[in-house]
């Protein structure tokens, strides 16, 4: 419960009272406190007793809604993701405009995300799911770029429509659940006809697919990322889209028996998305946009793995969610540093940064390698498991999805080549190397990239029991 | 005799009503409406609702219609040349009214199936009977309608009063 | 009046329903047809009277006095409405020198 | 001790990378060299210990365990891997030493050594892995280091492009390898070598499954070892500093494919179709690259194509099942190719960066040490009798002959071409008159001892390396030390020599020697006596022109892969993504506003109209409820 | 009942106090005190008194008291705004307050009627003061027009309603709801007259709640009326309409839902779609809210159609959330509109409000988000319960409602965009002072909104 309350109260305090410089350190403090708490939970967690209840009390008894929060290994992994990335995100952003509000919103977002990842009640889940949308909407629309209002609204409505269908799905489930409650376990036992199961699954899919996003529901995403302030883009890509994947794992997979015929389509869409987004990323000029499409591709792989839903793929997906979160935050931070110093994100205007800023270049390289999934970086372990899971589904699935290994190398190396290598250009002359908090944040990210790559097993141990249970439900 | 009376009164009321909406001069409309009201009062008598008939004549023909006439005169609207709706709208209006009548009649075809009370209580419409009812069973609405009156009174005064404090030139908006 | 033939014996209730419906429809037609606000108001009164007539008829045919009570209340309301309505008309006339409802179309879309 | 072999280069990498900037170059270089040389010594002791025990395994930790997918991070040292370790660390140490001199003037000296150390780490990981996945770590890791080092001079966009090309082409192969691993796991339930090979005997495998799996492994090998069709990156990789070319693109990394197949010999043995494909791929690559090599003028490019060609030869050997021969050639090739590259490096160093052999000539007297070592290297590669290349190549040719005489003939032609282009290179570089600028001429100098010392060491090895596995013909079974040694530890090794009669063997050897010697004569005539200089590319005609332009393979790939991909990317983004999908989304999104434009006109402000709407509503409700169905409810 | 009496007296006292035009604060205090007392009385009755019935005419049961207390609360908030927000002539200030209170009396009747006569009277008591209130800015043409339009169409609708009541009476020989529902639930073939009557009553009530196609009056009237009156119409009047709707159709005619439900379902669909689609294109804030209130009426009709699960609780929750949000929105609107000339109270009036007056902007944001139904705000729970209970039977309608809610985001967020995201400069950037009463209302509204979202179950059980 305090996991939820620390950021929530922090956010309210920030929004109401804190103005000016103090905002960043204070919010960082709150986020770090939450991280500490999460780590405490990690030690406390006993895989033999899968659910660690955080809160459970009656909320709206008339509708069978309890305020029930609890985590299993999967949830803990997601909590770790959220609470690990939030301090990094806070550390990597500077808001000169209304810092109190900005960091307050970030903390609010964190609270909502914690709620999403711990909710064990359908409505609680839905409420947090949507609550997470509000702060990010404001962050993007207030601090965003040129065309922010229109694009952010599109993003909001697009994802909102999807979620509404999920809500309908939840309501339908509840009305057919044995206990007529929204309790997760009860919902998953809902007695559905195959037709109903199909519709419910489709409704859930729509919500999750838009959030992730899965091809062809992805078009909101690149524009939003490009126009969002970097902190917003980090929140969106690092944590928020994981909501969709987590949603599939917790809310969609366990009830899929009647809708099994849909899954091949889902998998196909996810895989098409991988190749599609990767190919598009090859020719773009805007670094942020490339990262956005890269994110679609990577998430496509995770999504494909989740839809396949075997143990390997699921574990890989959870691991990869964590890894992708770390990497993408790193990438966005890198692009932010570049943009701040050169006032440009266009590859053809950049070059030669490596020579000016060797430390930056090295850290960027490590993060990039994590993204490209070179062994002994974090990206590899996750993608390995995902591809293996896909292979277990079908060899061609793995082979096609595996193209990401090649194409990702193509576009990421291209970014690196054009931004960092080659002769320096007018904009990149005198590029200052990273120091201070930039160095700390990038360093932490790079260290995580390597540590999780060399020894991913702890994360997998964490999620092992939980995925096992989820698979049994199916 | 009763039946004949009924038909005559019905005819008068309908013709009167049509005249109300057809007359070009509003004053004629008022007068025709008064005729219609009288015909309706006749129906009340036929229906053994004598008190109702009296009150009807007093309130409607006596008070409300006079009020109308008064306003008409005050506003000096007793002209023949008042603007009329375009023909198309006239046609549509009449057609709509006709349609409404048709559908109402069609919808109400089965009315005779209602079991009606066999014995008629001729004392029903007398003031004694109604008065007792009004002050026993219907005392609550009776009292509450006082709020209605009060509100209407206050409202009419508020609206009808020329505003004192206003010094602004009224833009001739219309 | 014991010796007179009561209307309930010779006229079926249907006739009253039709008559009221006709008056009501005429009232509605008038509301649609006329532009003079006062006439429109009269047409509304006509509609109310159609209702009153029907109520009285039902009251007699059903031998239930509450219908007639209702007629009183309707009269009350009609009077109140008429007074407020006329006050409104006067006010508008003061402002616009017209009681033509088709000019009242500045608020739209 | 085994983990330390791995750890030292890694520590060297960390040290050089972090601290090297602030230390004197000599110190950094020495430490980095030590970080490779000490593992060499350690490997030597392991080598000694392996006399008694067949293999040593060390498990460091469980890298990953999901369900039954269990990957321990464990290392295996057996006779095969220790041999590779010796080559890697030994040659690696020499090249480190050489680089101290070669890279002396470079501003990012420390980084260079960091990358080299990292490379050695990954390469060692590759050969020391106990299972395929850890091998894959090393496999990708060396590719990565190769990328770093090819693009070491990253100010030059062309070099960057070459580096990316190398990485991406390797990745294509890696994907194949990865799929192969999945398949192996599916078949055997494990990726650990010993478990797979032990289960191989007891298991009944589906027809063709193993063929597909081995083919996928071979795809990986193709990428790494630059076989057709994934070879074009290697010549471009010459953009890197020359020591890199020597270490990575000649001696070690590119032989990883050979190692992989030798390591998996037990599997390949059961997949004859794959073996067939390997044979032809190897042969074709060998010939094709050799022909291109004939018309290259960049000293390093010639060597690069030569490497491709020689690798092809090794695959040919693998294809016919002569694993021992392949390993033997791998070893000798490592010696002489490293030597040649370092020699070329010395030349380039002396010429101030010039790489075109048309601008060289007459360096024999100016660079004596380089020249003499280069002589040894050249003779070794063309198979001059009794030098290392002679023996190893001879063994391969003998094995191939045993398989098919036609293949043998083609392989011999390939050797002959090899001899031609190497000699062409050699003569044009060292004989005749100096053709460079005066400035270059003034600058010409022999390289420092730091650089010539490794040259000499490698020259010795190139010359005498053949002794480790003398043909049975010369020294009987006991002479075949390497083969015997392998056979003692790895069961799939078989020696082809036993089945050929001595007469045939003499004949084959004679043919090969004749080709080498004849080539020397002819080339001497052409390039020294006649001083026939290669013409400019534009003047070339017919196949010469094709060969000089590498048969336009790069252009072909460009046309059928790269450009369609780029076009497709723009099309997908512009047309499909923006206009079609997003356009659809936006259209749907704008629909309500469009409707709104008209819907609001209903509210036209006219009371009569509103009343009419109400009446219409009433009529419709009544009609729908009562008139349509006469008795609704 | 206590509340009704207190309110009637309050109205009279306010009238007298208003005779002295210069003593606005006296009027204000009397009205506020009366309303406060009425509120206390209602809540008292709700929790500590037995249900009380007056001769088959009015029954003050939990349902009536719950809705009544909410309506009184909202009126109280409106009255608190009334000092500086009042736009009419100053000599009518007392009348204005009194008429509001009288109108509220009508609303209370509509929550508690037991007899069709009371329904009719309640509607009239509610409406007649409103006709006047709409036109209380006597010199403002739009106000005149609004009043007249409202009056004519209201009177016309009254005619329809009365015709329906008459027909029901004809079929059942009584105005008493209990008698009528006896006939309705007798299981015999229903008289045709009853069916027609019920539909005509439905139409009459639909007019009051502005359900399509009887919604035409509402945008024009909302736009033209003085702000406070519009606020009252959008909140209390709408609530009263739905209170009556529910009481009539769900508590009395539930068994014969086959008669009215199909019609109502189509109307619900039309209402929410027309409301939302038209609101999209609006540039004026009041008019936009008018259309949005039509859309909300559409959703609320879902609560009339299906009240199986939560009874009137869902309806109460929704109307409360909606009304409080509307109060918030109007409070802020009145604040920013004060410094604008009448004709330009478009969305841009809110520009830069996020900096000029953060509290007001925050309240406005909450209001908009709540109306859009975005969790975890109050409006979401309102929608949730309505949709959830309608879901099994009116699946298609719920989907339409869901799509409509998504569309509605566009226009609600336009306000937020203006407040926070559009650059502001010059006069638009100057800080805006917030009068104490406004501050109080806003804080109260925000607290209520949060309270609803934290404990929706409590409101839900309010009527039970």
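General observations
First chain written, first letter: the chains are A, B, C, D and E, and each begins at residue 1.
Going forward, a contact is a pair of C-beta atoms (placed from the backbone, for glycine too) under 8 Å apart; a residue touches a chain by one contact, two chains touch by 3 or more.
Model, not experiment: these values are computed from the prediction.
Touch-path distance (fewest steps) from subunit B to subunit E is 1. Taking the definition of touch as given, a chain qualifies here only if it contacts subunit A and subunit B alike; those chains are D, E. Touching subunit A and subunit D at once are the following chains: E. Using CA-based centroids throughout, the chain positioned farthest away from subunit E is D. Greatest centre-to-centre distance from subunit C is found for D, with centres as Cα means. Chain A has the Cα centre that lies closest to the mean of all protein Cα atoms in view. Across the assembly, the chain pair joined by the most C-beta contact pairs is B-C.
Spacing of subunit B relative to subunit C, judged by their CA centroids, is 4 angstrom.
Subunit B and subunit D have Cα centroids lying 102 Å from one another. Centroid to centroid, with C-alpha atoms defining each point, subunit A and subunit C lie 67 Å apart.
Shared interface positions of subunit E, i.e. residues touching 2 or more other chains, are given as 117, 121, 124, 128, 131-132, 135, 138-139, 141-142, 147-149, 152, 156, 167, 170, 173, 192-193, 195-196, 219-220, 410. Multi-chain contact residues of subunit A, defined as those touching 2 or more other chains: 157. Contacts with at least two other chains are made by residues 85, 89, 92-93, 96-97, 100, 104, 107-108, 111, 114, 117, 137-138, 141, 145, 148, 151-152, 155-157, 159, 170, 173-174 of subunit B. Those chain pairs judged to touch are A-D, A-E, B-C, B-D, B-E, C-D, C-E, D-E. Every residue of subunit B that touches subunit E in the complex is listed here, in rising order: 104, 107-111, 113-114, 117, 136-141, 144-145, 147-148, 150-152, 154-159, 163-166, 168, 170-171, 173-174.
Of all residues in subunit A, only 59-63, 65, 123, 126-131, 133-134, 138, 141-142, 148-149, 153, 156-157, 160-161, 164-165, 167-168, 171-172, 174-175 touch subunit E in the complex they form. Of all the residues in subunit B, the ones that touch subunit C in their complex are 1-3, 6, 10, 13-14, 17-18, 20-21, 26, 29-30, 33, 36-37, 40, 43-44, 46-49, 51-52, 55-56, 59-60, 63-64, 67-68, 71-72, 74-75, 77, 82-85, 89-90, 92-94, 96-98, 100-101, 104-105, 108, 111-112, 114, 116-117, 119-122, 124-125, 129-130, 133-134, 137-138, 141, 145, 148-149, 151-153, 155-157, 159-160, 162, 170, 172-174. Considering their complex, residues 309-310, 313, 369, 374-376, 380-381, 384-385, 387-388, 391-392, 398-399, 402-403, 405-406, 409-410, 413, 417, 420-422, 456-457, 460-461 of subunit E touch subunit A. Against subunit C, in their complex, subunit E makes its touches with residues 117, 120-121, 124, 128, 131-132, 135, 138-139, 141-142, 144-149, 151-152, 155-156, 158-159, 162-163, 165-167, 169-170, 173-175, 193, 219-221, 223-224.
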